[in-house]
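One chain, subunit A, appears in both complexes that follow, with subunit B as partner in the first and subunit C in the second.
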Partner chain A sequence: MATLNIMVGEAQGNVPVTILRLEGDIDAATQKILQDKATEVVGGGATHILLDMSGVNYMGSAGFRAIHALTNMLSSEESSTLSKSPHLKLLNPADSVARVIKTLGFDVYLDIYQDRDEAVNSF
Partner chain B sequence: MIYIENKIETLRGCKFLGGLKESVLSDLAASAETLRIGSNENIITQGETGSIMYFVISGKVRVHDGEVIWAYIEEGGVFGEMAVLDSEIRSASVTTESDSLLLSISRDVFYDALSADPEAFKAVLQAVLQREREIVEQIKVRTAKLMSYQKEMEIGRRIQADFLPGSIPEVDNWEIAAWFEAAREVAGDFYDVFRLKNSSHMAIVIGDVCDKGVGAALFMTLFRSLIRASSLYGCLGSSLIDTGPEKPTNSVSEVLLNSILTTNRYIATTHAGSSMFASVFFGFLNIETGKLTYVNAGHEAPMVFRKNGDIELLDITGGVLGLFPAASYATKTVTLNEGDLIFTYTDGVNEAKNLDGEQFTEQRILEIAAPEGNDTESFLGIILNAVRQFRGEAEQSDDITMLALRFLPQVAAD
Partner chain C sequence: MEKVFDLSVKASLENLQVIRQYIDRVGARLGVNEKALGDLRLVVDEAVTNVILYGYGDLDGTVELHAEGDGDSVIIRIRDQAKTFDSSHVSEPQLDTALKDRPFGGMGIFLIKKMTDEAEFLPLPGGGNEIRLVKRGAILPNDQA
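Coming up: the complex of A and B.
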């Protein structure tokens, strides 16, 4: 049975950044955990989120759908005209996940960083 | 305080024991224990052995299998009797829904009481049979409902099949073959091959909508129809009209791009809340020159097998369709020469899994592909057989769609 744990952290870039550190698999069974946590932090005022993907072993299409739903939650009138989300970025996905991101072209829609500080300061 | 009379009353009120003589009921009531249980307490666990049956004096319990609730039992009802009668494991779990007052009777007490009176056995047997008849009736009703759902599903499947090309167009100098195999009765994969009006171009499309089942199938019809309509009938006033040998090459890519952008924007805007997306390879092939203008929106890279043995992969030119309204796409071109073959497929091929969970992979496709000496149908057949052999006993977990086109070598005129 797939599991997903999420730890919430804060960092200061040009704006306050909420970091969600994901550990486990993001699939049909666990995507709701991400969705619920995202709803909670966005409800709590988060406007810029960095998803730390380094602990994710597997991400299926349900995971990509959950990430899209999260970008929608964070989207503003201004950002919806941009081809890349200024509100949501990814940090350090493992090779297997990075490969799927690249195949589906999600790197066209979301910035991906290898370095945490660089990612935080990009917001 | 529960008096013996209340206990007898409860047992008598239960259909299961209703036929028992008063003396037997009194014996049972005397040995029955009273239990007060708060709400949400588990009383019976599925799969365990059990020797106690329960009667509900007041309150309510739910009979369930994990999250799935089969029934609620209230005042006057009985549960746990099946495992007591046949000594098998518990067939479902039972948990209190509210504060409940129950009577419990063990198997030994039950059989002791019954053995004193042969008529009592008969009465219980009749009650059990009566219940069995009720269950058979319920099964009949549920089966009829299920069959009507299955019929609806079959209708859906047939309608969806109409969204795939009924036949591949016959095109001079081109050999085209397609294979489509749904993992479930309705699928999220699609492909399309159609001629563009007043043009020497033919559209080829292969796509894979995320997820599976009815939701994916609904979106498949939407993606496929938007792509076909926007390229066949143009949109925002643009349509593809060849103007002769000096036709502007950008008109092809413009219509292609327009079609992709329209499809993406429509779904990403109108159905934003669904977060449904599709990977799509979409190209316009000039059937006279072999020039293919294409967009690869997050789809597995099609393979071009050159006659000389070279292989080229047509990597993505943009992300998946349907999520981000402002997404942009690039068009690219590749020219197929006589004898060259292009192969497109969905991830049901490269991600087919065997029982060990290993994937077939793009690498294996490249290793077993045999464009030389095979027509396009045999070419697909070889890949399909290899995937099936690799999968072995493992279930087909995703739709398999493949499309292959070859520019046939021209036969010199006499």
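Coming up: the complex of A and C.
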């Protein structure tokens, strides 16, 4: 079975940013690990989350369902527009993952950064 | 037909990685380019995930994969003995809708159709289903492999 490890870090941008560094594969077998960790950090008060995807070798639609759920958890009731989330951003996805992000239209909702500091300071 | 590869595994989410590794081995043996290999890894994972979750559900079963090269194309057949699957009933994700109003489902089938040149979902005469996937322009010519 694939493994997914998640390390939680904090960084200070304009607001406190919780960084989830993902390592491994996100498929239907492991997506619950991401979903549970996301629920845990949001329950613990995180309001701005950067998903560091640089260690993700593979992500299928199950991973996008988890990201979708996380975006909904973080979004305020009134934000039902096509605008990008001010609460969740992505860092450094592999080319194959970035292509799926685009195919599924998630690039419309989520900013993607290549540089960690730039990402943290964008919140 | 050039090279043929088969795999039969228990229909379990725990085997998804085994199946992706099988696709990687097929890709390496056939000389599949990196972009096509990434797409094949994804569409096979999505197809098998649907078989496990929505075909077999709580039932035990097996998934059989058959892959072959044909010219510059890779053809993959995925067979199961699960209940008949009708992909026409799956609605596509609404890409022009705010994420919070967007339904969760339909992404797997959408990706399969988007990232292959042919995707057929066929009921088998004796029961079960066959998913036939074709990816063209996937295999590098011999002098570039």
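Everything below uses one rule, namely that the second predicted complex is superposed on the first by the 118 of 123 C-alpha atoms of A that agree within 3 Å, B and C clash if a C-alpha of one lies under 4 Å from a C-alpha of the other, contacts with A are read in each partner's own complex, and residues count from 1 in each chain.
Quick note on the criterion: a contact is a pair of C-beta atoms (placed from the backbone, for glycine too) under 8 Å apart; a residue touches a chain by one contact, two chains touch by 3 or more.
Note that this is a predicted model, so its numbers are computed, not measured.
S.K.: Put the two structures on top of each other at subunit A: do subunit B and subunit C fit, or clash?
M.R.: clash
S.K.: Please indicate which partner A:R65 is in contact with in the superposed arrangement: first for subunit B, second for subunit C, both, or neither.
M.R.: A:R65: touches subunit B and subunit C.
S.K.: After superposition on the shared chain, which partner residues are touched by A:S96: those of subunit B (first), subunit C (second), both, or neither?
M.R.: Touch partner of A:S96: subunit C, not subunit B.
S.K.: Answer with first, second, both or neither: which of subunit B and subunit C does A:A2 touch in the superposed model?
M.R.: second
S.K.: Residues of subunit A touched by subunit B versus by subunit C: which partner has the larger set?
M.R.: Looking at subunit B versus subunit C, the one contacting more residues of subunit A is C.
S.K.: After the superposition on A, what does A:Y113 contact: first (subunit B), second (subunit C), both or neither?
M.R.: neither
S.K.: One more residue to check, A:A29. First (subunit B), second (subunit C), both or neither?
M.R.: The second partner, subunit C, only.
S.K.: Between 63-71, 207-215 or 225-233, which run of subunit B pushes into subunit C after the superposition?
M.R.: 207-215
S.K.: Please write out, lowest number first, the residues of subunit A touched by both subunit B and subunit C across the two complexes.
M.R.: In the superposed arrangement, which is not itself an observed complex, subunit A uses residues 28, 61-62, 64-65, 68-69, 71-72, 80-82, 85, 103-106, 108-109 for both subunit B and subunit C.
S.K.: Would you tell me which residues of subunit A are touching subunit C in their complex?
M.R.: Result: residues 1-2, 25, 27-29, 58, 60-62, 64-65, 68-69, 71-72, 75, 79-82, 85, 95-96, 99-100, 103-106, 108-109 of subunit A touch subunit C.
S.K.: Touching subunit A in the complex: which residues of subunit C?
M.R.: 13-17, 20, 35, 38, 41-42, 45-46, 49, 52-53, 93, 95-102, 104, 107-108, 110-111, 114-115
S.K.: Going by the contact rule set out above, which residues of subunit B touch subunit A in the complex?
M.R.: It comes out as residues 210-211, 272-273, 275-277, 279, 297-298, 300, 316, 318-320, 323-328.
S.K.: Quick check on the complex: what are the subunit A residues that touch subunit B?
M.R.: Listed in rising order, the residues of subunit A that touch subunit B are 28, 61-62, 64-66, 68-69, 71-72, 80-83, 85, 102-109.
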